[in-house]
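See below for the structure under consideration.
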Amino acid sequence: MSDATQTFQNLAPSAGAKFRQRTLPILIFAACLAAIPMVGPSRTFYTIAHQMGINIVFALSYNMILGKGGLLSFGHAVYFGFGGYVAMHAMNWIEDGSGLWAGFPVFFLPLVGFAGGALAGAIIGWPSCRKAGTTFAMISLGVAELVFAAAFMFDSFFGGEQGISGDRMNGVELFGLSMGPISEVYWFIAFWTVVGLVGMWAFTRTPLGKLSEATRDNAQRVQFIGYNPQRVRYLVFIFAGGFAGLAGGMAAVNYEIFTPDAMSLVPSGFVLIMAYVGGITYFVGPIFGAILLTYMQSMLSDFTEAWLLYLGVLFIAIVMFAPRGIAGIVFGIWDGLRGSNPGQYIAGLLMKLAGILLMLIGLIVLVEVSVRWSNGYGEVYEPFGMHLGHQNVLSWLIIVVTAVAGVALTRYASKDKEAA
Amino acid sequence: DTIKMAFIDPLSGPFGPSGEAAYTSFQLAAEHINANGGVNGDMIEVTGYDNKVNPKESLVQLQKAIDDGARYILQGNGSSVAAALIEAVNKHNARNPGEEILFFNYAAVTPAFTNELCSFWHFRFDAHADMKMAGITDWIAERDDIKSVYLIGQDYVFGQAVAAAAESQLAEKRPDIEIVGNELHPLGKVKDFTPYIQKIISSGADAVITGNWGADMQLLMKAAAESGSDVPYLTFYGGSKGAVSSLGEAGIGLLYQVSEVTTNLEASDEQYALIEEYKERFPDYDYYYHRAWNAMDMFVAAAEAAGSADPIPVAKALEGLTIEHAYGSATMRAEDHQIQQPLYISVVSDDVKYGVDNIDLGWKLVDAGTISMESAEQPTTCEMERPE
Amino acid sequence: MTTPALSLDKLNKSFGPAKIINDVSLDIAPGERHAIIGPNGAGKSTLFNLISGLYTPTSGTVSLHGQDISDMPPHEINKLGLSRSFQVSNIFTNMTVRENVRCGVLHSMGQGYAWWRNIGSNKAVQQKTWEVLEHCSLADKANVPAALLPYADQRALEIAITIAGGADVILLDEPTAGMSHSETARAVDLIRRASEGKTLVIVEHDMGVIFDLADRISVLVYGEIIATDKPEGIRGNAAVREAYLGDEALPEEVTA
Amino acid sequence: METIVFGLLNGVSYGLLLFMLSSGLTLIFSMMGVLNFAHASFYMLGAYFAFTITGSTSFWIALFIAPVLVGLVGALVERYGLRKVHANGHVAELLFTFGLAYLIEEVVKIVYGKTAVDYRVPDLLNFAAFEIYGATFPAYRIFVIFIAIAMLVGLWFLLKRTRAGLIIQAALTHPHMVGHLGHNVPFIFMTVFGIGCALAGLAGLMAGNIFVTDPAMAVQMGPIVFVVVVVGGIGSLEGAFLASLLIGLLQNFAVGINASFAEIFAFTGLSPTSEVGDITISSLAPVLPFLLLVLMLIFRPQGLMGEQEL
Amino acid sequence: MTQAMLQVKDLHAYYGKSHVLRGVDMEIMPGEVIALLGRNGVGRSTTAKAIMGEVTPRGEVLFKGEPIAGLESHKIARMGLGYVPESRDIFPSMTVRQNLVLGVKDMRNPGKYSIDEMLDMFPNLRARADNPAGVLSGGEKQMLTMCRTLMGDPELIIIDEPTEGLAPKIVQQIGDMIAEIAKTGVAILLVEQKLSIALRIAHRVYVMGHGEIVYSGTPAEFAERDDVRAEWLEV
């Protein structure tokens, strides 16, 4: 038996591997976060970074139920919203200094958000987690609309159109942070992003986390190893709600306002897209998705009005051609590079990339020319000093040639790969 | 350098046209100012930020605007947004001394903003709801044939303020009038007002008072036309895009509006030229937001008086400033930063110089429809904190 | 007389008008290896579904060690010590083999729905997982994702998950379906070892397996048990031969 | 009394519009198992196409061309998009249509602008059909009712009476078998998707001028369509019809009722908390369909007339 | 030498990872009735499905010399292959007549049988022509599926377990019917478990075991081979 004992330990990854694969990435991530303020970033940078932090936690929490739990929800923003609202109210209680709240630091409001989100998850999850699959998806849609519409009726909690706002510069100061200027809020966001990330990562390593994956893969079988899949789903759902609420609490402190729109289908759809584009089969996928999409949302929207169109194209392309998302692509490339024939792999990859790039150029020119044409303000798309109006033959030439060449090249590259 | 102004308002969705109409007005005003040499030699740049009439989104856009270097915020579409902006601007200015920003509110008319919620950083360039409602109720007070009134409005601060003002002012001026309906509907979500119109018809009301604007105004009129309703509509924003054309001929003599000007008031040729230039540039819209010119002109006057385009000196110079504009004079009351100016009640008519919505109907001043600056003035409870 | 490990009493199951299981009564003693055979669509899998709680009987009772379990949900029944496998492999395809088995082990190790502790930190769980893997000759494939296993190994994993929880009554539904000869032999060996000292109920079409393993055999035809006997008895039972082989035209050759 | 009559009239005409919109989705969902999230986007396309065609020709030409165009777009989407995703399961399909909804909305914004277009009721039908309790009922709405009923009959006939309908119905439960009989199931699916989209397009054409033709119309209608289909029962045309009427009536009656919870509670002798009491029945109107959806899914997942669960 | 109607060469098929067909070879000549025997689960139905394109085949399948492996099923059907699956798959809510209508591939160019002729041939069905097919008895359903397939004018029909779950008398009837159809020149691949009927009507038998053909011969030859039966068919 002693023999077996030795071997079974070898089955699990070694302590070194564990450190390399699990602890190290998180340490690096945290170190990056800590290093950022040293380079003296701009206001804009902070604004986006905060949004990213919030979205990372939100998207990860969504993936607890979609990726790890196999439940497609169209209403995850409800829990984000509940968490945010509860935190918002708590912020106001802190300001009023009423009772216990007088001594509660604003810094810890995300915990209140967690409680709010988890509570909402516990209430709403009770009826909805009895089902899975499409039924669950439809219930989540119905609940989302229901809560959103009801939010305009209960003004004392949701604040109607105007929402609830507050002031984060109250209560006990922690770590010498007044929480006023944006650069101080940064530490708050960074801290809770890491907490959320570590918390959700740890969750995947617990029995419940594993059971959640088992229930996703095969709910029927879970019954026959002694677990009630409904209960597994329910518990996971509460946690996902809690972490969404945590993100909501972060948002409450960051924006100091919550409106019912935070619970509408739009943010619910956005978090779905973030998680899916990032890659729902990987823990880190949603992080990629959150970073990319937040960036697109805030920066791309400055460059082009049609950024949502690009987002739609990106999403559909991912659904059709890369269902494992960005993370899948990244890890796929990584594997390819370490595969048997990296040289050939790189060649194929470059060819594909070139093809995609060409298609992208065609698409961008098409969209940008059209946008300006449709706006009718007589503006003209002028990349790299070119003058691409809608009456310019060159514009249409670029569009057609690049698109055709791109498609052809990509096809050729994939054929090549298959043959190999 | 350039003076950056951020226009934070809806540029898409059901209230997009309201935002666009104002955005184009501010841009044209800025162009003219720049063409005349700018402000102390500096050029003005007005950039649009779409907020979808959502307060939270507005704060995101505000942040962006500040990051982009804007020191002046222009907003008007929606008091819910304005409330959030006032608060955010107050906080920003408290937390970032030296980087102050000013908020020029050109249309969000909830009275509280220049009363209990007043702020040094906020200036309002439109008459607030109590002022406008006073105009309407004075007019009703004279009309003995109106015995019952139906109130319909949007369910948010502004709509609530309108309803409250109507109730209290009518109770005072015409206690005999019965309020047969007081309905608030969701903001920008109703697509078919037919059931509401039918409720109005069955209530037998003699007049309807509404503060609706944007699509909510237009669709209300569309449903009224379809249901053949013939009650008069006393509105703040009958001038919203599409409202007049939705009613068509049926609107003549029925659709009223109280506003700071209409294009059919007497004016100089210069002003007529401006109206025509606007129409030429933006054929989808009509010259409606005269207050955009007022706001910009007052800004220029203040900045020139202060000799600086920095927010604090400009704000101080704005207090008590009076300008002459195309239709008379306007004064920024120092106490509460509420503009004071005459108001006009007009009604849809086919006998006008300028039609709206690209049809021949337009707004014509009603008899005794001019409300002087003095009678439009309302007291304020504002206690303002001013920086050193 | 000892209480039977598993006892069916006048069990009936209908889907709408279709009566699939018809008055089935059967006692299986502790430690017995019992086989159920019968033509396609006879109701064998349905019977398993009734016993394991996936379906509730239309009438009649199922008892486990004398306790009525007819109306219990599957996970409750599982907790009482009954475990089953499936005719079509029913494993957690996106997990590794080790994780699959570990999921099967968790409950019996008192891990419950715990979310506050690391799954890897419990030595007993790891130990038990390892034992089961070893037992089912899957240890060398422990870190392979289950979906990538060869078919025969998936079937072995199916059995591994079934026995991992340490149940003392085990139901196997066609464990060797789709396996080649040599794979079947390996599977039989595994089943024999895994059911040591336990009660086993097995459904199989492969008669070699049945006669090799079973202490007793029941023949189910159109929802009714037409015979229950020792293997030799079944082999010689004409009714069974007819029902199962459908060889009624060649009676004289059957005796050969 | 007036409330009841008005509620009935408006409820029925709104309900029938909903039916037009959801019948296409019912068709697609029941045949292909695809919960088409972009369905309302095709409805929007119908309205915009109708607007364009009406502008250059007339409403009556648009009436025929716009739905066909939308149907073609739908068929292309099926052929070059959905079919590829099909192998990855229903969730992938659903996500595909979800992304498609985004895409269509953005394209519409680029082509037609971000605000509403002025798509009007044709002059020929722009008159009052009759007057009742001082309010008139527009002729166009009668036209809508008429078209919706024609559509119900037509669809029913198509599904139950023709060989093509037989094939479609058979492919619904036994796609493989239908293939073995020599019928081209993928082509059928493409056609069905096209027809479903065309129906949505027709609904858009009819409704775009009653309501508003703007880029938000899809998002606004989308969820309600799901409510109809799910409440009606998967794959049941009759169910969808019933559910549409039910929701139409429910919403319109609710708007007409002034009572608040406080009054209702007072009537039953209970005392509500102030905020719940302030809620009026009419303000509940937007919530009701979703309440119905959630309750239905929890207590009767197969819907009103459906046979199987979602 | 006449061209074979159907040739199957080294056919493999998988369900996910499980290798169900491991190189099946067989050949069917025009007008021939072939019985495919074997124990439960050896892969007979899978063979039929792989030929018909319901399961992805690997290997070669030639129909009248033309490769059909991997084609979509409707194309295979249109080339002249009929298939009666194990699950029968009648359309239960449609009438018998409607079921038959669906068997016709092209309405403008119907096959040699009209619906009336079909119903004349099977008086049982005529009596129920306008009833929903769902109410038919098991035997009648089996007849209906075969008639439906005949409506499409196939040159080869693959019939999977036509007698499963049927009473002996009906089994007899179905057997006669198949023999009847064969006489019209249609080749038949009969997947059967019941030796009696298989041996009565087949011209040749194939025996399958573990995804391969393990024996082939005429019924008379097969009758001599107790060893094959013992190893591959019996308990």
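Each chain gets a letter, A, B, C, D and E, in the order it is written, and its residues are counted from 1.
The definition used in the following text is that contacts are C-beta pairs under 8 Å (C-beta built on N, C-alpha and C of every residue); 3 or more make two chains touch, one makes a residue touch a chain.
Everything numeric in this text was worked out from a predicted model, so none of it was measured.
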| item | value |
| --- | --- |
| Both-way neighbours, i.e. chains that touch chain C and touch chain A | none |
| Both-way neighbours, i.e. chains that touch chain B and touch chain A | D |
| Chain of greatest Cα-centre distance to chain A | E |
| Centre distance in Å when chain B and chain C are each reduced to the mean of their C-alpha atoms | 77 |
| Whole-Å gap between the CA centroids of chain A and chain D | 31 |
| Interchain centroid distance [CA atoms averaged], chain B/chain D, Å | 37 |
| Where chain A touches two or more other chains, by residue | 152 |
| Sequence positions of chain D contacting 2 or more other chains | 283, 286 |
| Residue list for chain E, restricted to those that touch at least two other chains | none |
| Every chain pair meeting the contact rule | A-B, A-C, A-D, B-D, C-E, D-E |
| Residues of chain B touching chain A in the complex | 54-57, 59-60, 63-64, 66-68, 78-80, 83-84, 87-88, 91, 94-96, 155-157, 186-187 |
| Complex contacts: residues of chain B adjacent to chain D | 11-14, 16-17, 20, 155, 181, 183-186, 189, 191-192, 194-199, 201-202, 215, 219, 226-229, 242 |
| Residue ranges of chain A touching chain C (in the complex, touch as defined) | 4-5, 7-9, 11-12, 202-203, 205-211, 213-214, 216-218, 220-228, 231-232, 235, 239, 281 |
| Touching residues (chain side chain E, partner chain C) in the complex | 15-20, 39-41, 164-165, 168, 193-197, 199-200, 210, 226, 229, 233-235 |
| Interface residues, chain A side, partner chain B - complex | 42-44, 47, 152, 160-163, 165, 167, 169, 180-181, 255-259, 261-262, 298 |
